[in-house]
Amino acid sequence: MTHHRPVDGQVYPRFEGIRTFMRLPHLAEAERLAEADLVVVGVPFDSAGTYRVGARFGPSGIRHESMLLRPYHPELAVDVHEVLSLADAGDLPVTPGYLVESHAQIREGAARVLAAGVTPLFLGGDHSVSLPLLRAVAERHGPVALLHVDAHCDLWDGYYGGKDTHGTPFRRALEEGLIDPARSVQVGLRGPVYGPEDVSLPHHLGLEAISADVLHRRGVAATLERILARIGGPGPRYLSFDIDALDPAYAPGTGTPEVGGLTTVQALQLLRGLAGLDFVGFDLVEVMPPYDVGALTQLLAANVAYEMIALVAVAKRRAA
Amino acid sequence: MTHHRPVDGQVYPRFEGIRTFMRLPHLAEAERLAEADLVVVGVPFDSAGTYRVGARFGPSGIRHESMLLRPYHPELAVDVHEVLSLADAGDLPVTPGYLVESHAQIREGAARVLAAGVTPLFLGGDHSVSLPLLRAVAERHGPVALLHVDAHCDLWDGYYGGKDTHGTPFRRALEEGLIDPARSVQVGLRGPVYGPEDVSLPHHLGLEAISADVLHRRGVAATLERILARIGGPGPRYLSFDIDALDPAYAPGTGTPEVGGLTTVQALQLLRGLAGLDFVGFDLVEVMPPYDVGALTQLLAANVAYEMIALVAVAKRRAA
Amino acid sequence: MTHHRPVDGQVYPRFEGIRTFMRLPHLAEAERLAEADLVVVGVPFDSAGTYRVGARFGPSGIRHESMLLRPYHPELAVDVHEVLSLADAGDLPVTPGYLVESHAQIREGAARVLAAGVTPLFLGGDHSVSLPLLRAVAERHGPVALLHVDAHCDLWDGYYGGKDTHGTPFRRALEEGLIDPARSVQVGLRGPVYGPEDVSLPHHLGLEAISADVLHRRGVAATLERILARIGGPGPRYLSFDIDALDPAYAPGTGTPEVGGLTTVQALQLLRGLAGLDFVGFDLVEVMPPYDVGALTQLLAANVAYEMIALVAVAKRRAA
Amino acid sequence: MTHHRPVDGQVYPRFEGIRTFMRLPHLAEAERLAEADLVVVGVPFDSAGTYRVGARFGPSGIRHESMLLRPYHPELAVDVHEVLSLADAGDLPVTPGYLVESHAQIREGAARVLAAGVTPLFLGGDHSVSLPLLRAVAERHGPVALLHVDAHCDLWDGYYGGKDTHGTPFRRALEEGLIDPARSVQVGLRGPVYGPEDVSLPHHLGLEAISADVLHRRGVAATLERILARIGGPGPRYLSFDIDALDPAYAPGTGTPEVGGLTTVQALQLLRGLAGLDFVGFDLVEVMPPYDVGALTQLLAANVAYEMIALVAVAKRRAA
Amino acid sequence: MTHHRPVDGQVYPRFEGIRTFMRLPHLAEAERLAEADLVVVGVPFDSAGTYRVGARFGPSGIRHESMLLRPYHPELAVDVHEVLSLADAGDLPVTPGYLVESHAQIREGAARVLAAGVTPLFLGGDHSVSLPLLRAVAERHGPVALLHVDAHCDLWDGYYGGKDTHGTPFRRALEEGLIDPARSVQVGLRGPVYGPEDVSLPHHLGLEAISADVLHRRGVAATLERILARIGGPGPRYLSFDIDALDPAYAPGTGTPEVGGLTTVQALQLLRGLAGLDFVGFDLVEVMPPYDVGALTQLLAANVAYEMIALVAVAKRRAA
Amino acid sequence: MTHHRPVDGQVYPRFEGIRTFMRLPHLAEAERLAEADLVVVGVPFDSAGTYRVGARFGPSGIRHESMLLRPYHPELAVDVHEVLSLADAGDLPVTPGYLVESHAQIREGAARVLAAGVTPLFLGGDHSVSLPLLRAVAERHGPVALLHVDAHCDLWDGYYGGKDTHGTPFRRALEEGLIDPARSVQVGLRGPVYGPEDVSLPHHLGLEAISADVLHRRGVAATLERILARIGGPGPRYLSFDIDALDPAYAPGTGTPEVGGLTTVQALQLLRGLAGLDFVGFDLVEVMPPYDVGALTQLLAANVAYEMIALVAVAKRRAA
C-alpha cells in the first residue's frame, strides 16, 4: 500500500505549494481512497444556515491555514505521518440552494469514502451536513455513539416550516435511528434559547448535555469523565465538532456565535482526553471564512482537525 | 393622505435613530402601504448564489448607509420628500435554504405591496429574487420592458441541475412571458463566460445587450440613446440593477465580481439619463455586506436606490 | 397594558427586519413608554472621549448584533419576554461636539423615560453620558448605590482643562451627591495610571475598588461577595458597565483598551451573580463599532444588555 | 540657515525610523520654525464632525504613509528637498470635546507658525479647523483667495443649534471677512443636499462653485481655467482640501463620503495645474484612519500633501 | 497528447475543490509538463522587497480568486481551454531570506519548465524574481523584447548596498544582455523618484518609457501604437506585469503603491491590444495578499493572468 | 544628567504628537544615549521568517499603540518616569533581504547602544535578530542567562539549507557560547513539531523547557518558581519575548501562530513575577502589524514592553 505523506516543510517552505490539507496528496479518484488510513473531505454546503452564511468556503479556508501543521504531536507523542497514510480527497459535490438534492449528494459521496474502508474527516459546510453524513455512517456501521461539541443542541424540530436546517440535524438523526442517544453526549451548550423546553430537550430525547457553564465551573477533567462514561464503551463512535463551541474571541468566523464559550486550551484538553478511543468518523463544521478575522478560526479549525487525526493515530498505534 | 417624511437631519444627527431606509417611517402593516407613493422593501433571500453568499444582509446594510442621504437631488432638481410620500415597509418573509418556498413568499409579499398601488423599490437578496418579483409585477401590469444593469446576462438555463439560481431569473421570466424582450435591454455585461453561445444568448432570446466594453468605448450618452430607443416607448417598465455592474473597486461587496466594470460616475449618469421615464418597480440586488470593505458597496447602493427614488419623483412631477 | 414582544425568530428569520434592539417594537413617542417595563434607549454621544472616538455608533451596532438573542435565559431560568414588556425607545437627541448642551439633552431625555415609570437600559455613547444619566436618576430616586464595572475608575478631576470627559463622570457625580460612595463599588480596574494617588483615589473618595488583578487571583465568587456586601442593601441601585472592563481580545472595539481584563465568562458569572437585586437603571458604554473586529464587541455588548434585562426579569418575578 | 532634509531612503530603508512626515526633522520648538521654508503641522481636532468621527488620527496616519514619498517630482520637474528646507512641526495642542477652546488653541498655534515666516501645511482633523486656521492666516495676510476642494460647500449656517461644525467653517469665515468671495472657488461639490437653496448657496454668498458633475463632463483642463481665472490674480491665496472630494473608492477613510467624486488622476491633474501660483497656506482635512481600508486614503493624502509641497517649491524656484 | 481542462464550473460549483489555478490539473512532475501548452507556475519569493513584504502568498491568493474565471473570452472570441492544454505546475522551491540561493533555484526551476517546450506564466513573488526568470528565458530564447508594465522602472543600481532588490532586476538584466533594450518598453511609470536622473534612466539605458501621466492624457490606443512599434517585430517577446501599475484603488494589495495609476479598464484594453503577438513567457508580480482588501488585487491578478493566457490562445490559433 | 520624560498625557492629548515610544524624546545621536537609563530601539529586520513576514513594521506599530501607556504601574507600585530616564533611540539600520549584512549591522548598532551603558529594549523584527543582539550583549557582559518566552524553541539547526532563520537563533547562540544553558529556560512551547527529537531538543542542549501545556496545568506561580530557580542567580540575564507565546486570540498579528497559548493575564503575571531581577537587555519580537486585527497585538506588545521597563525601574529602585 502506498503510504502517503505531505511535502516536507523543512525542505519546501510551508507557504509554498497547492493548498491541500497539510499539503497531502490529492486523491481525486474514488478507487485510490483505500491507499489512505484517513482522508480529509470537504463538504462545502451552507444553504441551511439560519443567520450568517458562508461556510461553503470552510474547507478551502481550513486547508489554507493547515500549512502550519507539523507531523509530531508532543502531548500525545505521536507522529501522524509515521502511523497513518493520510490524503486529501477534495470536496464532495453539492448543489447550492438545493437542500434535498445536496443532502443526497453528500450521503452518496460519504458512502463512497466509507466503502473504501478509510476513516473520514469531513470539513463543513454548515451543521446540516452532519445529517447525510450520519446516514452514510450508520448505513455502514449501525447507530453510533455521538460526541457532539457545540454551542447549540441542534435538536430543534424545524425553522419557518423547514425541517432541515443547521439547527435540526440531530433531531432528524435521532428520528432515523442513526445515533444511539444512550451513548451520546453534547458539550458546550450555552446562550439564550427559545424557551425552557429547549434546555431539557437533550435529556428529553435521551442524550446527555453538559453546558458550557458547567464545564467552566467543574473543569475539563470532570467533563471528560462524564463524556467517557457515556461514549467510552463498545460500538462505533462519531465526533461532530461545531467550531462555535469555542468562544467568539477564539473563533469569530462562524454563523451563530455565542459568548461565554470554550477557550482553545479547554478544547484541546478535551480532545486530547479522548486519546485511546477510536472513532468511525469526524466532522468539523460552521467555519465561515468571510466572517473570520486574522484567519483565527481557520487556523484553530486546522488544529482541531489535526487533533482528530492524532486521535486516529493513537488508536491505531494502540490497536497494533 | 399622510405624507411621510424622514427625521430631519439638521435637527436630529444623522448617526441617530432606528435604521429604516433614510430613517423613514416603518410601515409594517400592509393596510397602511397606500399611505406612500413609494416604499422600500427588503427581500433578504440569498440561497441561490453560486459562488459567494451573504446578500441576506443587503437590506440592513443599505439601510444603515442610507443615513447620509439628504432630500434634494441637485442634478435632477427635485426634493424627493416634497414630491413623494416615502416609507420603509420592512422585509418580506423568506425561508432560507428553501428556494421554491421562498420564491412563493416573495411573490406573495410583492403582490401585497403592488396591490396597494404603491411603487416598490426592492432591496435584495441575490438576483434570483427578480423572478418572483417579476411574477408579481407582470401579474399586475402585464409583461414589462426590462432595463437590466448587470455584469452578467443571468439568462443561463441552469446550474448543476438547478433551474433557479441567481444566474437564471431572466431566462425563466422570458419563458413565462413576464418581460417583453423586444422592449428590453441589458447593460454592463462583461467577463469570461462558458462559451461563444453565451455571448449571443441575449440576442438569441430577443433582448439587446450592451457590454461594459462597448459602454467604455462609446460613452454613456451613446449607451443611453440605445437604452431609451429600446425601453422608452409606452407600456410598463421595470429596472433591475445588480450592483456587480459596477467595477469591484467601487462595489467590492458582491457575490461574483467581474473586473472592468462601470465607475460610479458612469452609473450615476446612466440612471440620471432615464429621468422622465416612469417605472412600475425597481430592484437592487447582490449587495453582500460580509464581503464589503469600508461599507463602499452599501453606501453606493443606498445612492443607487436614491437615484431610483428621484426618477419616480421626476416622473410624478412631470405627470402632475 | 400592551405587553410588547419581539418578532418571532422561529417564524421570521433573525437576519430580517428593522434593527431595533431584539426586533422589539419601536416606541418613538414618550407617552407610550409606560407600556413597557424596560426600554432600551440609545445615547449616541461621544465627544468626550480622550483617545479613540466613535461610540456614537454604539447603539446601532449593538442593536444590529442583538438579532441573535433569544427569549429564554437558561442559567437564570427566565423568559424575559414572558415576564417583561420590552421596547426600544430609539435614541436620545444630542448635539455632537457640544458637551454641555448634549448633557442637558441627555438628562432631559432620561428624565422623560424615568417619568414613565419604566426601567431604562441606556446604550452609550462614551462614559461621559453616565453623568447626565445619573443626574436624572438621582433626581427621581435619590442618591444611588453604584456598581461600576470598568478598566478605569473614571474619577479624574479633569483633562487638559476640561472638567467633563469620559474619564471624569463619577468624580462629578460624587461632588453632586448623585451616588452614595459607601454603597458603591468599582470592579475591573487595571492598567498603568498617572501616579500612585490614582490607585488610592476610589478609597479616598469613599468607594471600594476591586482591581482586575485581584479578581483574577481571588475569583469571581469572592468578588461577588464583596460587591453584594457593598451594594446589596436597601436603596436604589444603578449599574454602569464600560465594555473595556473586558479584555481587548473579547472586546476590541472600545476607546481606551487595557490588556489583562475580564474574560466573557468572568463577566457573565459576575452579572448572573447579581440575580435577585433590583436596579433602577443601567448603562452600557464605550462600545465603538469603527474599532470593532468581527463584530465581537457589539455581539458581546448585546449579550451584556440581555443579562441586564434578565436581572430585571428575575427581580420582577421575585417581587411578584 | 539650516537646510533640513529627510533621512535618505536609498541608505536607510523607508520602513525604518520615527514617523515624522517624510521622516523630516521634528522641529518641536517654535523658535526653530524659521529654519524651514515649509512645515507640516498636525491639527488633530475632530469633535465637530456630524456623522463619522476619528480625524484626530489623520496626522499620524498621513505621516505613516508618507514614508513612501521620494524627493523628485517628475511632472513638475522639481526636487522638493533641493528647493525647500522642510520640517515637521508636530501637532498643535487641542482639547477634544471642547470646540471653542480648541479653536482658540488652533488659532494661536497657527499664528505662532505663521509668525516664523514659514509656509504652513496643516493636516486635520475635521474641516472645522479651517476656521481658526483662516483666522490666523487672515490676521497675518489679510483676506485670502480660497480654493476649496470638497464634496460639500461647508457653508451651512448651523446644525442642531450649533454654529461651529465641520459643515460651517466657510460661512463663518465669510461673515468674519477672512476670505474674499470674489476671488474664491469651490470644486467637487456633489451629492444630495437639504434643499435647492443649498445649491445656490455658494453663488448667493459670492463664491463660484464647480460641481463634480460639471468637472466630470467638461474635464480638468476647463475646470482649471475657471479656477485660475478666479484665484490667479494678485493677493494671498489659500488652499483647503477635503479628502472627500475624491470618490470613496479612492478615499474611503473619511467622514461623510459622497459617491461620484474625483479620481486620483483628476485630483493630481488639478493640483499640478496650479503650478506657478504661490499659496500662503494649505490645509488637508477629513482623513479618518479608523475608516480607511488598506491605508488607501492615508497614502493618497500623503501624496496630496506632497503635491502641495511641490507647488511651493515651484513657486519659490520661479520667484528666485 | 493529453489535453488538460479544468473541472466544469456548471457541474461542480466554483467554490469547490482544491485551489489550483482555475482548478486545472496539478502537474507536479517535471516530466509531465510537456502535456501542456501553457503552465501556471508560482514563484513565492519576496525577500527582496524594500518596503512592504508578503508577496510569497501571491500565488496561492491568485489561485484562490481564479475560481471565478470561465473558459470563453468574449472580446478576443477565444475559448482558452479549447485552444490550449493548460495546467498548474505548482510553485518553484525557494529559500526565504536567501536571495542568491533563491535566485539560483528560480532560474533552475524556470529552465526546467522551459525545457519542456511549454509557455510559462509565472506568478510572483516580488519583482526581483524577474531577473532569474529572464536568465532562464534568455538562455533558451536569446535576448528578449520586454514589455514591462509597472509604476516603477526597476532599473535602479542598488539599495543600501544591495545589488539585488525588487527595484533592480531590469538593470541587472540589461547588464547581462538578457533583454534587448531597443525592442523594449516600460508603461505606467509614475510617482516621485529620487532625482531627475531617474526620469531619464530608461531612455539612458536604451529603453522607451511611457509614463502613466502620458497614458492618461493620450489614451490607451496611442500608447498601444508606441508599444507595438517597439515590441511588435520578430524575435522573442516577454511580458512582465507588476500589479502596482494599477491604481491603488484597483490594486491595494501590493508593496509600493503609487497613486494615479491605471484603471482596470485601461489595463484590460492594453492587454487585449496585444492580441496576435506571441510571447515566450510572462510574469505577474508584487501581488501581496496580506495587504489586499476584499481580495480585489488577487481577483484582478487572476484576470490579468487570464488575459495573458488568452493572448497565447489567440496567437496559437492564428499560427494554426 | 538629563532626565528624559514623555509629553504629559493630561495636558497634551494622547492621540497627539510624533509616535516615538510613549512619546519619549528621540535620541537619534549615539553620543546622547548615555542620557538615558533605558532606551527603546527598533530592529526592523524580517527577512528570516519562514512563513508569514512583515515584522519590519513591528517597531512603528508598537510605538503607535504605546500612546496609551501611563507612568505609574499599580501592581509593581513604580512610576517608571520617576525612577528612570527613558528615551527612544529610533531604529537600527538593516538591509532587507540581506541576512548576513543585516545581522552585522544589528550587532554593531546594538554594541553602540550597550557601549553607552544604557539598558536596551529591542523591538523586532523577526526572532533571527536575537542572534546578533546576543552577540553584542555577550561581547559586553559575557554569556547570559536566557529567559526565552515563545511558542517555539527556536533551536532548529536550519531550514531549506539556511542556517540563519527565525527558527534557529538560539542554536547558533548556544554554539557560539553567548548564552549559558544551565541558567536558561524556555517557556510557552507548544504546537506540533517535526519529530520527537524536537521535544527533547532544549533538554538535550542543556536548557530547561516548560511547555504551555504544563504552564496551563500547573499555573503561573509554579512556573515562576522553576524560572527563578533557573535564572535567578548571579550573572547577567537577558529576556527574549516572542509575542507568539500568547494565544492567537490575544496576539493574532504574528508570523507562526500556535493555538493553545498564554492569555494576557498569564503573561502579565509571569512578567511581574520577575520583579526584583535585573536584566542586561530585552527583546520583543515577531509583532507583525499587517496581520494584526484591531491593533490587539501591537497594543499588547506595547504593554509587554512597559512591563519590561517596570522591571528595570524596580530593580534600579531596589539597588538604590
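All chains are identified by letter, namely A, B, C, D, E and F, in their written order; residue positions are counted from 1 within each chain.
Simple rule for what comes next: a contact is a pair of C-beta atoms (placed from the backbone, for glycine too) under 8 Å apart; a residue touches a chain by one contact, two chains touch by 3 or more.
Only a predicted model underlies this, so the values are computations on that prediction, with no experimental measurement involved.
Enquirer: Please find the path from chain A to chain D through touching chains that uses the fewest steps, and give that number.
Expert: 2
Enquirer: How many degrees of rotation carry the C-alpha atoms of chain C onto those of chain E, rounded to the nearest 5?
Expert: In degrees, rounded to 5: 180.
Enquirer: Which chain maximises the distance between its CA centroid and that of chain C?
Expert: Farthest chain from chain C, going by C-alpha centroids: E.
Enquirer: What is the chain whose Cα centroid lies farthest from the Cα centroid of chain B?
Expert: F
Enquirer: At the interface of chain A with chain F, does the proportion of residue numbers present on both copies reach over half, so same, or stay under half, so different?
Expert: Comparing the two copies, chain A and chain F contact each other through largely different residue numbers, since under half are shared.
Enquirer: Hey, how far is the Cα centre of chain A from the one of chain E, in Å?
Expert: 40
Enquirer: Mind pulling the chain D residues that touch 2 or more other chains?
Expert: Chain D, residues with two or more chain partners: 11-13, 15, 50, 52, 56-57, 93, 95-96, 159-160, 249, 263, 291, 293-294.
Enquirer: What chain pairs are in touch here?
Expert: A-B, A-C, A-E, A-F, B-C, B-D, B-E, C-D, C-F, D-E, D-F, E-F
Enquirer: Per the contact definition, I'd like the list of chain A residues that touch chain C in the complex.
Expert: By the definition above, chain A touches chain C via 50-52, 159-160, 190-196, 198-199, 211, 213, 216, 247-249, 252-253, 256-260, 263, 291-294.
Enquirer: Quick check: in the complex, which residue numbers of chain C touch chain B?
Expert: 11-13, 15-20, 26, 42, 44, 56-57, 60, 63-64, 88, 90-91, 93-96
Enquirer: Name, in rising order, each residue of chain D that touches chain E in their complex.
Expert: Residues 9-15, 67-75, 77, 79, 249-250, 263-265, 268-269, 293-294, 296, 299-300, 303, 306 of chain D touch chain E in their complex.
Enquirer: Over in the complex, which chain C residues touch chain D? Could you list them?
Expert: Where chain C meets chain D, its residues are 46-50, 52-54, 56-57, 93, 95-99, 101, 128, 159-162, 164-165, 290-291.
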